[in-house]
Amino acid sequence: MKKPKVGIIMGSDSDYPIMEETCKTLEEFGVEHEITVTSAHRSPERTRKYVTSLKRRGVQVLIAAAGGAAHLAGVAAAETALPVIGVPIPSASLDGMDSLLSTVQMPGGIPVATVAIGKPGAKNAGLLAVRILALNDSALAKKLDAYIKSMAKQVDVKNKKLQAAHAKSRKT
Amino acid sequence: MKKPKVGIIMGSDSDYPIMEETCKTLEEFGVEHEITVTSAHRSPERTRKYVTSLKRRGVQVLIAAAGGAAHLAGVAAAETALPVIGVPIPSASLDGMDSLLSTVQMPGGIPVATVAIGKPGAKNAGLLAVRILALNDSALAKKLDAYIKSMAKQVDVKNKKLQAAHAKSRKT
Amino acid sequence: MKKPKVGIIMGSDSDYPIMEETCKTLEEFGVEHEITVTSAHRSPERTRKYVTSLKRRGVQVLIAAAGGAAHLAGVAAAETALPVIGVPIPSASLDGMDSLLSTVQMPGGIPVATVAIGKPGAKNAGLLAVRILALNDSALAKKLDAYIKSMAKQVDVKNKKLQAAHAKSRKT
Amino acid sequence: MKKPKVGIIMGSDSDYPIMEETCKTLEEFGVEHEITVTSAHRSPERTRKYVTSLKRRGVQVLIAAAGGAAHLAGVAAAETALPVIGVPIPSASLDGMDSLLSTVQMPGGIPVATVAIGKPGAKNAGLLAVRILALNDSALAKKLDAYIKSMAKQVDVKNKKLQAAHAKSRKT
Amino acid sequence: MKKPKVGIIMGSDSDYPIMEETCKTLEEFGVEHEITVTSAHRSPERTRKYVTSLKRRGVQVLIAAAGGAAHLAGVAAAETALPVIGVPIPSASLDGMDSLLSTVQMPGGIPVATVAIGKPGAKNAGLLAVRILALNDSALAKKLDAYIKSMAKQVDVKNKKLQAAHAKSRKT
Amino acid sequence: MKKPKVGIIMGSDSDYPIMEETCKTLEEFGVEHEITVTSAHRSPERTRKYVTSLKRRGVQVLIAAAGGAAHLAGVAAAETALPVIGVPIPSASLDGMDSLLSTVQMPGGIPVATVAIGKPGAKNAGLLAVRILALNDSALAKKLDAYIKSMAKQVDVKNKKLQAAHAKSRKT
Amino acid sequence: MKKPKVGIIMGSDSDYPIMEETCKTLEEFGVEHEITVTSAHRSPERTRKYVTSLKRRGVQVLIAAAGGAAHLAGVAAAETALPVIGVPIPSASLDGMDSLLSTVQMPGGIPVATVAIGKPGAKNAGLLAVRILALNDSALAKKLDAYIKSMAKQVDVKNKKLQAAHAKSRKT
Amino acid sequence: MKKPKVGIIMGSDSDYPIMEETCKTLEEFGVEHEITVTSAHRSPERTRKYVTSLKRRGVQVLIAAAGGAAHLAGVAAAETALPVIGVPIPSASLDGMDSLLSTVQMPGGIPVATVAIGKPGAKNAGLLAVRILALNDSALAKKLDAYIKSMAKQVDVKNKKLQAAHAKSRKT
């Protein structure tokens, strides 16, 4: 097994159905990664040990997901010099607005690269990691270019289907 | 000098004009306290060392103030079993709504006793510490009862002044 | 039966499914408590009588839960010198944002220790009460330390399960 | 001096510059009123005594103004059967959104007639009291009709001034 | 059939399940009322004719319910000198925050007595109308006093039930 | 088949159940239109080509629907001089508030005519296009006048049904 | 003097400093327009008379500006079949969020073409009117194309200035 | 002059006082960069040409700043495979909440690495670029480590100053 390039941490195992999008995206690009449940609050020492181990193990990008008072990404960014991507998990009460603000509004000095709330953000966290890794991996860069082109093609396919369905419905 | 009963930490020295309200309140009650600038993000190790030192030094309540993605109170509450009071500092862009949500929306397991945004909250953080300490300090409990009574009296004084001013303005 | 150390009030019996989390937490720690339905608005006199009875009956911490224009915690804090913890109940229309702001934004002079909206907050209200009571109860303090350690262990267990499931799903 | 028909309470004397709008409006209609500083939190007993005195003293409408966790109107409405009008005072941090939600989101059973945040609301609180009192005071009802007509005329006057200024500015 | 004292208008018949609370409340007090579907936007002339007919037909209070860009209460308040109560209907997308702000933030000159979003507000609109009408109807005033007392008693009943259930669940 | 007067674009085929309201409305008025799935982000070149083709093909109004960081309407308005109507699609996490702000808060220079979030907005996008086209199409203007009148009549019909149902329910 | 093509109404003369942007924009394009102060609430009849006069006087687009519970655009759109553009004026307390929601969240049936809050919106209201009028005025369409091109050129000019200033500051 | 590694674009030259923080940060680390004013809306072609030129010119990270309906970062991310960092500029009316949501809530497929609103975000955008570039530049990685350590030291210095000032003020 190859060494992981991307580490994914989440505050709770209940975040996995969302963070699975990140895993799938990285797998689609063949980027080795590892996932870990660790909480900024319930297991702070574990979180610290994990985060400070990343660089020497060759991990290059950390993705951190949490909801509510989502401190995980910020706390991790304070313990590593690697780029840290934050995924705000939708929260039970406030739709993830609390998760978003807790993740993105970091003070000057410690950046967290924040993506959208929930599944679109989880997917984009994977893609952002790919964009970063592709800067020094020309094979990955080619896959990324192909991915971007295929998205445009998929829009075209969906468009044709929709237009056909719409035309049909008008005749009825 | 007596040993402090309350520790106050703030993420930045620029939070002091607000947190001065906490200090004044504790001084009014004669409660020994100490203040420290330490950041959850810029000085995580320092924060941890400070927080884990509290219990053995006899500090009983920790007050933590931060703005924006305000992680300080939550991070501290993860490192100590003492009651932690969080003061959301008004932020430059979002009026402190980000500070409030980052402080109050803690996941089950790690409580932060959150008070109001800004100066009223800073004052109330001091008073909440006094309410907690007074549970086992009858002299402090008496001062607290007197304080509560004096607040009602001050309302009466302000009321008389306002009514006099209002009556005067109506004659004009 | 031992005398209760913690009083729990809620504005409506419909808040019980959330506040049950508080009860369970206190029971887990063996902290005696009592629950009462009383409304700041529909039964103000009853609320006042209850709240002013707490201190002389040896109750040390009051937990108050309400939704919408959630005045219960603030009104209680005005009638007792005990520490009052406020739990914002999720409201039908505004996701508990109204409950949160009505509970936390107290004016200087009368603190309410506010926790998160809904179940995580209800659980944390119990834990905050435990943290306060543990200041003068070394047996409870030990239980609290053990609880905090066990949370970290539970994260480890959940992590292993998730990693196993994830590894399995990748092979498929 | 005639007996007041309208009582005005405010949580703090600092609310007066806003609530002066209410007074001016009532004076314009010749409606006797009284103003009192009293806080739901700092002087709960005083508030209760004042509110429960209203009906027997012939006061017919109560106007209550408060900011932040604005409980005053709701607490008053719980102690009297008179119509209670709530004026949300703009708060330091959240622009009065907290004041508005704390005032308007009352649970079923205890209504508060909420008006706009700040000065427009303070003025409208006076006018709403007039609309209520005018139901049984035909002289007041006539004044109210005249007031409504004069508002439309003032719009006409302002329109002419603006059009003149605008026409002039275009020639320049 | 007696002449209605309260008129209820709603922007859409889909608002009825909420506004039924208003009707039930008024029926409970024996207050004659009428309901009408009329829209500020889809049937402006009808709305105007209805609203301007109220006073001469002896209606004393108008209750207007609408959602989204909820203009109905404000538009009605511009066409009558009667007290107008606005009920913000929960909206499909924004939880009724749009309905609330469109109803409550009226400019100085034209007051709308706004109540809570949705069913609690619909009930309270009825009760606010009763409070207003009771100022000049001593029989209604008595019913209102009895209602307020019965609410406190209901809290007591619910409390007993909850305590019994809670005690039982603890034994299990 | 006649040439389309209105172009409808949507960022994803999943927006169709909402945008079907636009289609239905245009069909009701007999206004020829075309629908296209194209994304500002996934297919930027396709979007550009489509938008820049509109004018020469005789399309007069463009309707663009998107959710989340909804850039489609703004990006389209930057590439054509035609009037562009933006429909904010409700988003998974933030109820469409993100879609609304991303669509409406355009900088000076590039207007987007924004309508309500979701289905009411989709319907109104069609009606706004009709209002624009009717400026130079007297047959369409007549249909529009008839439509507006029929809305008022429908209110009357719904009102009668509701009053009948309400009267019946009261007898029960 | 030529007949106005665009009517501009505002709820208060205090909105003029913002709406002047609309006037300037229309003047820049040589589009005849008229401005009127009229309120949905303080002068409903005047508003109605003005709005219903538009079509027969040859006005083709109406721009309506209001703040707070901003009903003016919606009320106007209910009285005319012309396209109505709504400009949300920033409000004293809620930054114009209330104005925006009251303007944009119109129910299905009555569209308001809403632009951004404040000055950018006021400017864009003018440009949107130009885009609509240009559909049937080829001279205006040419001016609009030139305007759009000149915006791009202005960006280029500003860019050069900024880069020069930045280069200079780096040498210092 | 060395070739730039980081490109910075902003929608308006008025964003420069905020984006200067990005420039200063990159200069502090000796990272070559270039700044360009270009708008997603006013100069779409120019923006596209600039963004598509980045990769072949050796630029590795793009930082895009915009306010209001802030489309610039998303539009750029659609035209390049490089990592794009979005800085939400505080907006005139909504405190930058609109800028934040328009930047961060990107649909799955096109990631934007969003940082905090305003100056802290502008600084962190520079630091995030440094973290990304440092993955393949060991000299830069060393500077970054030193920077992180110096932040902790600065906290210590500020703490000592504050404690001295606080101690002094208490003696007075």
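Per-chain residue numbering starts at 1, and chain names A, B, C, D, E, F, G and H are given in the order in which the chains are listed.
Keep in mind that, in the parts below, a residue touches a chain if its C-beta (ideal position, glycine included) is under 8 Å from a C-beta of that chain, and two chains touch if they have at least 3 such contacts.
This structure is a prediction, so every number in the text was calculated from the model and none was measured.
Using the contact threshold fixed earlier, the set of chains in contact with both subunit E and subunit H is F, G. Looking at E-F and D-E, the interface holding more C-beta pairs in contact is that of D-E.
In the contact between subunit F and subunit H, the residue numbers used by both copies make up over half of all numbers at that interface. The most distant chain from subunit H, with centres taken as the mean of CA atoms, is E. Interface matching across F-G, E-F or E-G places the copy of C-E, with more than half of contact pairs shared by residue number, at E-F.
In this assembly, the C-alpha centroid of subunit C lies 47 Å from the C-alpha centroid of subunit F. Averaged Cα coordinates give subunit B a centre that lies 41 Å from the centre of subunit E. Distance between chain centres (mean CA atoms), subunit C to subunit D: 36 Å.
Looking at subunit B, one finds that residues 12, 39, 42, 68-69, 93-95, 97, 104-107, 109-110, 112, 116-117, 119-120, 151 touch two or more other chains.
Every pair of chains in contact is given here: A-B, A-C, A-F, A-H, B-C, B-D, B-H, C-D, C-E, D-E, D-G, E-F, E-G, F-G, F-H, G-H.
Interface of subunit B with subunit C (complex): residues 21, 60, 81-85, 100, 104-117, 119-120, 123-125, 127-128, 131-132, 134-136, 141, 144-145, 148, 151. Of all the residues in subunit F, the ones that touch subunit H in their complex are 11-12, 39-42, 44, 67-71, 74-75, 77-79, 91, 93-94, 97-98, 101-107, 109-110, 112. Against subunit E, the residues of subunit F that register as touching in their complex are 90, 95-97, 116-120, 151-152, 154-156, 158-159, 161-163, 166, 170.
The touching residues of subunit E, counted against subunit F in their complex, run 12-13, 16, 23, 27, 35-39, 42-43, 45-46, 68-69, 92-95.
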